[in-house]
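Chain IDs A, B and C follow the sequence of writing; residue 1 opens each chain.
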Amino acid sequence: MGNAIEIKNVTKTFGKTIANKNVTLNIHEGEILSLLGENGSGKTTLMNMLSGIYFPDSGAIFVGGKQVEIRSPKDAYELGIGMVHQHFKLVDVFNAVENIALGFDTKRFGSFNLKRVKARAEEICKKYGFDLNMDQKVYEMSVSQKQTLEIVKVLYRGADFLILDEPTAVLTPQETEKLFAVIRNMKSDGKSVIIITHKLKEVLEISDRVAILRKGEFVGDIATKDATESSLTEMMMGEKVELNIERSLPVNTMTRIEINNLSVTDREGVKILDNISFKIKSGEILGIAGISGNGQKELLESIAGLQKTKPGSSIKFFAGNEGEQEMQLIGMTPRMIRDAGIHLAFVPEDRLGMGLVGSMGMDGNMMLKTYDSGRSFVTDRKLPRIQAERIRKRLGVVTPSLSTPVSRLSGGNVQKVLVGRELASNPTVLMTAYAVRGLDINTSYTIYKLLNEEKQKGVAVVYVGEELDVLLELCDRIVVLCGGKVSGILDARNTTKEEVGLLMTSYRGEVQEQ
Amino acid sequence: MKEPLIRIVKRDMSPIPHKILVRAIAIILALVVDALFIYFVTGLNPFSVYVVMFNGTFGNQMRILWALRDMVTLLGIGIALAPAFKMKFWNIGAEGQVLIGGLATALVMTYCGNTFSTPVLFILMVASAIIAGGVWGLIPAIFKSKWGTNETLFTLMMNYIAISFTSAATNYMRGQASSLGKLNMGTKAGWMPKVFGQAFNVNIIVVFALMVVMFIYLTYSKHGYEITVVGESENTALYAGINVTKVRIRTMIISGAICGLVGFLLVSGRDQTISTNTAGGNGFTAIIVAWLAKFNPFYMALIAALLTFLSKGAAEIASTYALNDFAADILTGIILFFILGSEFFINYKLIFRHKEVRG
Amino acid sequence: MIESLIAWILRAIPFGTIIMYGAMGEILTEKSGNLNLGVPGIMYLGGFAGFASSYYYEKLVPDPNGAVCVTLAIVCCLAASMLGGLIYSFLTITLRANQNVTGLALTIFGKGFANFFGAYILNGQSYTAAPLANSMFAHKIFPFADKAGVLGKTVFGYGFMVYAAIIMAIVMGIILSKTRVGLNLRAVGENPATADADAVSVNKYKYLATCIGAGISGLGGMYYVLDYNQGIWATTGQIEALGWLAVALVIFTTWKPVNAIWGAYLFGMFYWLYQFLPDIMGWKVASYVTDLIQMVPYVVTIIVLIVVSLRKKKENQPPESLGLSYFREDR
């Protein structure tokens, strides 16, 4: 087996972030290669440079021994490289054939003839065992059918190298099995398949070789037959890093929110949260670990009253005062929750698209949840200004003025404004989603410190995070989500990175809270 | 494949002097093109033509008043549209909302003119105009909220239904006469009282007052705050606990109602009659005014003033050099093209290709 | 009674032809994702250029030739209206200006331009005519039309532009649904990011569709002046109303050119309903009622718009990215 594609010393940066650093990786002919790594380890960026979406800052790519420049998806196709992205690029009102035929040029594919395209596409389906109705419209297709269509589209264009970006993330186990069967067929036909993934079980099941990326760098590769789940986890997670986050013991813990049998499905009917149950307690930081997109967003939004849940779900709030009734949060809007006197602070993942109004300044954003207090027709603008000024000083927000639109501030400052506002609301429960994503070290530590202060005040803190080191040092307990289910609830002081990592990547059956 | 010659990058922020500079250059360029146009048509020195235009608009007190009268029509409708646009609701139906408000006013004048005392009559006229305009705005908003029906096309169609009603009503009211003429010519019932010698001075006062009120409404009120949040992102609105449907419907009623009020002003204060030309295309031009002003009522006043200057000035050229009034539309169109195009240079910057540094 | 019906059809079909051109152009434009509210302005530009060129040709050339006159009118009409489309394209595609606002500005400009120079040519007269052009456009191309009875009269008794419109609608329908260009164009209007990733040149398609679309819309204006209005340029607001009706028709057809054929004639029937239906039914209707009847096309369009949004059938929706400008960000 020769090196069909060679990536040599490739580096790619976006602004100040380094997505890939000096990566050297070979892809052989006729192999199934797993590209393994945590979120943000640079897997997708690296593959996007093969498929013509990005162009490397430095380094070289060789295909068949010749150095090439891949400037567009078209260039990639001409080299026989095709990629199926996580977000499908399909036209909804077109049927399968039309989507396959889109963008062909006459030079390569001859004159326009949908019948011929259909016949050839069906031939491909038969050859590899795809199950696809060529006349079906994309908007009528299930996620797995759309994925099949994307793969057929890539094969139709003559790809010998297929890159699949987290292909199983959206599939049921049965569909996954079917996909693996076709991948094996493609391999036996001499094609190379690269699967970007972080599901260890699948890596071991399907691939011939595993290449691991961590923090943008190539860590190493290993033949799958020599690998085990724990050896892969270790390579993926790396050595434990001491962060020295101050952590106090939980004080005065009591159940604040009890979640029972919470289920959420998306618009296509795919289960995002599947019957999950756990408790959120005051005076502690509860970490939520999981590969991103495993239901974290929906979980927090369900609690905040922003997500439609399936019947049978229950989210109970306990005020904790003597004689006060528990409250069912399901069916309540954010306004109703607020009016019921529950101080629920929520730092959402989408800071400017949900948590803040980009065109408003700090002052305007301060009153997003309180603008309608009081009877006056006009908003009270004095208090928000005072509050904004206080947050600016306390958290060191860098902004030209309090009324400068927050969309013009840097990511770290935007987050400080959002977290600052939510903390100022004197919360009983504080939920944060990826609170330190994209922030520099100092800002991150500021946020950790703030969360700890809240915990000591007796607030129930929920921290959804992606960096395991942080979760292990910051949180008291960790709930691990995998495929929309709770795959484990761990004591953060007595667990290891490997344990969490394994639970994140493989579901091992129902977990009950002790 | 090569790096493109020019790369376009979004600007994070452009300083205010830069914005003013870009817009000033755009207007100056437009005035130069306008001058060239005038030169080619009339063969006259463009500068002396601008002097004529200036005199036509500001020549004497009466002309200034007339110009103000025309300007406030445009401004009033622009003010009405501002809350809808700020909410990202494309209300293209101002023309119809104004007309239906004017029609309601005219019907009350005609059929209740002799029944009620003047104050009651005016209350009825204003109320009916506001309700009619509000309903005209409400209908598309309901469908947008319920089924996501495209509001741009819906409000556009509503214009023609209003025109149809208006032409039917004027037809009915005039009976055998060849034209409707001024309503209540004998009794002058429902005619706006003269203030400082002119009935339309009331329009000017009312619209300028509205301008301030709308600015306060959008900038300081709770409603204005909700409108901004909904326009920015529906997700944020939900997060903040804002009822998006309620805000959308309420805002469109307000937008339509103010258009209706402008219709009342035009009928009672300016024309004392109604025709399908009462709104006279101002409903469409005001859309551009509101958009270019970024929904700020004071900027709207500036843009409305510029456009009024062009149309008044063009009318003056037309009468001085025996041309026709449509020159105003050409001059307006040209200036709008330039201002619209200039926005690009405020939001984006161009980066020219430099020497490749890749190894 | 049957005479009234025939007269009605004879009125409705040429009327429908005007807005059919307008609507076909706009369908092509909207298929690329551009909502051009400048259609009325473009129809003014096309109508004026067609009229002005044939007027001067007839006036200045000693022995004007019919075919030359027609060709000249069409070429000038296309040039002027495509120029209007080019202004719109440059502002909205290259400079990413707001489509609605730019379209409205184009309508103001086109209306002003046509009427200003129209009045310039009129030079004090209330109207003027291009008789040769009119006779060429109105010439019935089927010689047997007059002898073939009712059918001949109502089906074959029109000038060539009526049949050209039908052919154009069919051809456009075929291009959109059966060719590579059509497939790519639809993809651009639906999902430009996908089209871009599949190596379709998004801006090129948008420019071409918008400019060609403007040219086709402009033909509607020219047909109005040189045939429907008997070669007379009159400074009235008629073309503007027709332009908006064409925009309405686009919705009515649910963005399918072939539907524009019967849709346009139906709109023509609706439009002239007020004059002929009372005749046929023997009603006596007050003139103000006829004014009310004129809203029928718009009401029907609104109903179609609502039904389409209600049924949510994907094939009948506006192109998904209609009204949005496309910016690939820095990839």
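Things worth noting here:
Here is the rule we go by: a residue touches a chain if its C-beta (ideal position, glycine included) is under 8 Å from a C-beta of that chain, and two chains touch if they have at least 3 such contacts.
Every value quoted in this text rests on a predicted model; they were computed, and no experiment measured them.
The interface with the greater number of C-beta contacts, when A-B is set against B-C, is B-C.
With centres computed as the average of Cα coordinates, no chain lies farther from subunit A than C.
We define each chain's centre as the mean of its Cα atoms; on that basis subunit A and subunit C are separated by 49 Å.
With centres set at the average Cα position, the gap from subunit A to subunit B is 46 Å.
For the pair subunit B and subunit C, the distance between C-alpha centroids works out to 27 Å.
In subunit A, the residues that reach two or more other chains under the touch definition are 72.
Residue positions of subunit B with contacts to 2 or more other chains are absent.
Contact with two or more other chains is made by no residue of subunit C. Residues 35, 37, 87, 90-91, 94-98, 100-102, 104-113, 115-116, 119-120, 235, 241, 244, 247-248, 251, 286-289, 291-292, 294-295, 298-299, 301-302, 305-306, 309-310, 318, 323, 327, 329-330 of subunit C touch subunit B in their complex. Taken in their complex, subunit A has these residues touching subunit B: 57-58, 69, 71-72, 75, 304, 306, 333-335, 338, 346, 348, 350, 353-360, 364, 367-369, 371-372, 377-379, 381, 408. Residue ranges on subunit B touching subunit A, taken from their complex, read 1, 12-13, 216, 220-223, 225-226, 228-229, 232-233, 235-236, 238-243, 358-359. Note for the complex: subunit C touches subunit A at residues 178-180, 183-184, 186-187, 190-191, 193-195, 197-200, 314-315, 317, 320, 331. By the touch rule above, subunit B contacts subunit C in their complex via residues 7-10, 41, 90, 92, 143, 147-150, 152-154, 156-161, 163-165, 167-169, 171-172, 281, 284-285, 287-288, 291-292, 323-324, 326-334, 336-337, 340-341, 343-344, 347-348.
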